[in-house]
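After this come two complexes, each holding chain A, first together with chain B and then together with chain C.
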Partner chain A sequence: MNNRLLINYTPGTTPIHRLNGATKVMGFIVVTVYIIMTFDARIMLPMFLLCTAGVISMRPNWKPILLIMGFMFIMAGVIGSMMIILIRPSSGLTHVGGETVIVRWTDHFFISRELLWYVGAMYFKRLCSLSTAILFILAITPSELAAGFNKIGMPYKICTVLSLAFRTIPDIARDYIDIKNSLMMRGVELDSRKVGLVARLKQTVFILSPLIMTSFGRIGTIANAMDLRGFSKLKRRSWYSEREPTRADWIARGIIVLVAIFVIYYIVFVRVLNPPPFSYWSPWGYW
Partner chain B sequence: MDGKKPVIQFQDFCFHYKIQNKPTLHDINLTIFEGEKVLILGASGSGKSTLANCINGLIPFSFAGKITGSLKVNGLETRDLSIFKLSTMVGTVLQDSDAQFVGLSVGEDIAFAMENENTPRAEMLPRVLRYATEVGMEDFLPSLPFNLSGGQKQKVALAGVLGDSMNILIFDEPLASLDPHTGTVTIDLIDKIARNGNRTVIIIEHRLEDALHRPVDRVILMDKGRIVADTTTFELLCSDILQKYGIREPLYISALKYAGCELDKIKGLEDPAFMELSSGDIDKLHKFFAIKPDSQPTEIGEKAIQTESVTFSYIRGPKAKNVLRDISLEVRKGERVALIGKNGAGKSTLARLICGIDRPDAGVIYISGNNQKGMSVREIGEEIGYVMQNPNQMIVKDIIKDEVELALRLKRLSEDEIASRAEKTLRTCELYKMRNWPVDAVSYGQKKRITVASILALEPEVVILDEPTAGQDYRHYMEIINFINKLNAEYKKTIIFITHDMHLAIENTDRAIVLAEGELIADNSVFSVLSDDDIITRANLKQTSLYTLAKLIDISPERCIEHYILFERGHKGILDEQ
Partner chain C sequence: MKEQSLGRLFLGKWNTMTLVAVAVGAALFGTLMVFGSIPIFANTYLTSAMIIPVIVGGLFGAVPAFATMLIGNFVADLIGGWGFWFDWSVGNGVLGLFIGALPLYGARIDEGIFTVKHAIIYAVCCVVGNAVAFGLVTPVMTAIFYAADLEITFLQAFAGGIANTAVLVIIGIPLLFLFANRYKKRSNLKEEE
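What follows is the complex of A and B.
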């Protein structure tokens, strides 16, 4: 079960895995804001390198990661960029600030140096968000996630529901498969080679009603089990999976605070008070 | 019990669920003392779980209703407390050990109650380790719930309620979803926990024979919301009231009664291994087991299912671990066969292979003589019907008739054909009068019958039933079993039970196929299987008390079990005719 869909249920042993939940959640939030705030490749590059190094340090199972990367490359890198180039080749002028044409077929179909920079930078930004997300998903277990969010101020009931969801997903998936199998034996054909998409969608609806019924039964029992063990008795709650912060955590948190200060400085002084004329920085000196 | 401190006191206690029109508990007067181990016995609907829920606070705090009279736990009136306050004194292990597993690891689940009390982590960790050690799960702290067996989950649930201030533990049908061997391990564990410290233990069960694997101080028998007996195990076993209130007698007690022994003169009757039988009783038993009852051999038809060296694994490639290895067996038309083995032995996988959901990596499966390889799941479904354990997972439609007709409509039969086949099936299953009822309005046993009907509509030759009686009390058990036996006897359906209920296998099947670790380890009559120590150990089965009795009076266990079964069948036949 472990590591399917990248999600880790048991904590790993590398330095990043060993950080505590709150540190990981704080880090993720700061890095995400960092990536969102800028279109400047010079700013994004160090964070990308950092995240990639982080992912490598965790010695992950590369197969699903490469699969996701490949999918992203085709969807955003190839198809997305082609669309921009075909539909709005003037993007180079509006977002980067210049138009040094390399090839021109007609008035509406051309490629400029700035246009290429624009699609490249945009893809790079997406790649940065993806590597941040992968880093975070690999680093944290659902229990740490719940504990971490609670530590940074989210109500613990919401956090517990979050971890319960992860607890229940595999069970519901198993129920789904069981129900599907029993329906297939009664003649519901769900084989894509034999029935059309519409018919298949219609028959999938059959699965929903028993699935919902069994899931409701589960919820009732879980609610009782939690009541019987005193859930929501107190205003605060401690967490078994929330490790005490170690020196590594304080160092990591120090770095996160520094990055956060930079993020605030950048947003206030660069993006708000002194916005650049074009959102994308380029090496040709338009800003 | 004089001088002992009462921990639970019911006084003229009644309870009425808000959503029901009649009270569920009437005039309960019951005192349970510190350190006692009490078995609360009763059929479904007898109010035994309701009684437990009053003690742990689910009533009235989660299930609303009206309480009259008084209930004191540790001297405090429960209605003045809260479920949280009670949760620090009363620990409850629920029936469904999977659904109550809240944490994402063993350690986290054991810690759940402590987390809720905001216990600092430094204090929590050693306590988690201590409780885990008490139930023998200390090596599994980081394990995920998905990788644990039912028995292990139950141990975790037990560790989770061993809090320091906890002096009352309630076990709600702890044996319901366990295989026989794991069941005895659980009863041993509960016994050990009960003897550690001054904990009061309440076990709620309807499976008397299994629950009595370790002695209890007192048995409380409930029926229709009232306490009908509050007595010792000995007194209860001597009496004739068990059958009357829907509880199955331990097999050895029935055997002693059939043989005409005087139970109340037998010292140590509670434990078949050590009871002191008089020479007169032993003579009577020998005489009883010497009579050869009539046995009617089952008519054996053609091969319905045949597997040849079937091998299967879920993972391909170098990491492959075979779930099933080289399984060769056959099932003849008209047979009743039990497929037995502990969880994970490959029973369900074998059923899935036969039904074509998964296909064997090697080997061949024949259905009515045809190689199943070329048949689709749907085509196999017309030969072999598979009834899942939980009827709620199978029922799709709101009205009984629609549910039964579903498979026929999917087959695109003509309206006339659908109507006539559905009617026939509904009549077979005695659902015809109820055909226009909503599915929600019927009992569990009837729902089970609806699922069987929905399968039978396709007129399969073989019906595979996955744990058809799991969690059912004796009365519902008999209701389901009688119905299935009728399908076999009158409609000549071949029946395969997937089960770990030994009573079911002994009394209702002719042959047992036993799987262990993916291998077929026995294919023989049920009584030979159940008298073979090696098979019993490897398949996590448990000797029945008949085996113990046979050893005690020094006769062959195989003969003892066989004789008993045939006698019971003849006996029941006579009763049915009357």
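What follows is the complex of A and C.
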């Protein structure tokens, strides 16, 4: 189970991996706001290319990433788009601004150029947000994540919860495998291809109840151990993976600040003060 | 049983115990979400992870359940790597607030108190919570983030809400009875005449 996780527990060696946790968290927050704020493919494209280049530079294991991409394509790209085309073909008019019909079957079912653009642009926005997320997930380790969030001002108790959660996952995986093996030994069919949906739901209770019991049974022990070591007595704490920022960090932070200034400018002047008439930009000059 | 104010039951006691519970709950939620879910519709899964906030809520209060759901979603997004869907995460968090409200209407899992009456209120809470979370919060946020039509996001969220309610009621109620019984046996005290 552990080797199916996308996040790494050990830090990698490429330049992006070696950045400080705080830099990565800052960058991720700015890039996420960047992608959420805009519906303009011209503005999303550079960020998409940047993130893709970042992912490639980290030389990741491509198999799980391609799997996720494929899954996303089917779920959001094919099913999501089909729903829009079937239920609301007039979306092109309301969100892009025009209706140049390409094919018309009946009054209600038609495909316009703008509708296709709308569907494609929305999928592209989701793809951008996925690529930024993958970049962040591949770059960071759980303890860097906790230290980084603390560094940018999140209360350390929440950060500890986060790193403790990641610390617990391997334990849960081990317990889960133990429970599954013992159930199989008692003759419960766990192969998902051989049992129906209702039977699978019922089995979940068999697996869940011991899993929850053992996991929650540990809470008292962990909490006592933390209390005995003086957890939450002081206002701040230090982190194992906290490092002094290097020169690369300062360069990266400089770039992040520049992007952040652009984001604030864009939100204030383009989205709030002078909002475009239609949410999605298109090359046919509606805004 | 000590009388506690409603606000206290809602917020929970934020000591080390609760923090660890939220962490363990979030880890369980994340793992179950990634490895124990059955996709049924666009962005919609039949997942047993939904049960975890209920247990955290029953033991520690509604706001810890909310935190579990929110952090658990973040953990799931990080280990699963399918990107951050904040519209769904926040919707899930709101749902956690509703389904974790067990102590507010007197169900105390850690003291073995969970009756048929509580089960019915719990089921109503599940339906209302799903309606608010996926009928209001998630569609509106999806509309803001992706400029999607409310109709379509409603439809997607509706499927998610139905799946969640089914899991929460079909698996949740038997599990809650089981845990309440387990804790009742542990607190082996009888009232004297």
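Odds and ends about this structure:
One rule holds for everything that comes next: the second predicted complex is superposed on the first by the 275 of 287 C-alpha atoms of A that agree within 3 Å, B and C clash if a C-alpha of one lies under 4 Å from a C-alpha of the other, contacts with A are read in each partner's own complex, and residues count from 1 in each chain.
By definition in this document, a residue touches a chain if its C-beta (ideal position, glycine included) is under 8 Å from a C-beta of that chain, and two chains touch if they have at least 3 such contacts.
It should be emphasised that the depicted structure is a prediction, and the values quoted were computed from it without experimental measurement.
In the superposition on chain A, A:75 contacts chain C only, with no contact to chain B. Contacts of A:204 after superposition: chain C is touched, whereas chain B is not reached. In the superposition on chain A, A:13 contacts neither chain B nor chain C.
Look at A:178: by the touch rule set out above, it reaches chain B but stays clear of chain C.
Contact with both chain B and chain C is seen for A:226 once the two complexes are overlaid on the shared chain.
Once the two complexes are laid over each other on the shared chain, residue contacts for A:95 go to chain C alone; chain B is not touched. In the superposition on chain A, contact is made by A:215 with chain C only, not with chain B.
Applying the stated contact rule after C-alpha superposition, one finds that A:166 touches each of chain B and chain C.
Shared interface residues of chain A, touching chain B in one complex and chain C in the other, are 1, 142, 164, 166-167, 209, 213, 218, 222-223, 226-227, 231-232. The touching residues of chain C, counted against chain A in their complex, run 14-17, 19-24, 26-28, 30-32, 35-36, 38-39, 41-43, 46, 48, 51-52, 55, 59, 67, 71-72, 74-75, 77-84, 86, 145-149, 151-152, 155-156, 167, 170-171, 174-175, 178-179, 182. Across the complex, chain A meets chain B through its residues 1-2, 9-11, 141-143, 163-164, 166-167, 170-171, 175, 178-179, 181-189, 191, 194, 206, 209-210, 213-214, 217-218, 221-234, 236-244. Chain A meets chain C in the complex at residues 1, 4-7, 32, 36, 39, 64-65, 68, 71-72, 75-76, 79-80, 83-84, 87-88, 91, 94-95, 122, 125-126, 129-130, 132-134, 137, 142, 145, 157-158, 160-162, 164-169, 172-173, 176, 197, 200-201, 204-205, 208-209, 211-213, 215-216, 218-220, 222-223, 226-227, 231-232, 279-280. Within the complex, the chain B residues that touch chain A are 56-58, 61-62, 83-84, 87-88, 91-92, 94, 96, 98-105, 107-108, 111-122, 124-125, 128, 142, 144-147, 160-161, 352, 355, 357, 376-378, 380-381, 384-386, 388, 390, 392-396, 406-407, 410-411, 454-455, 458.
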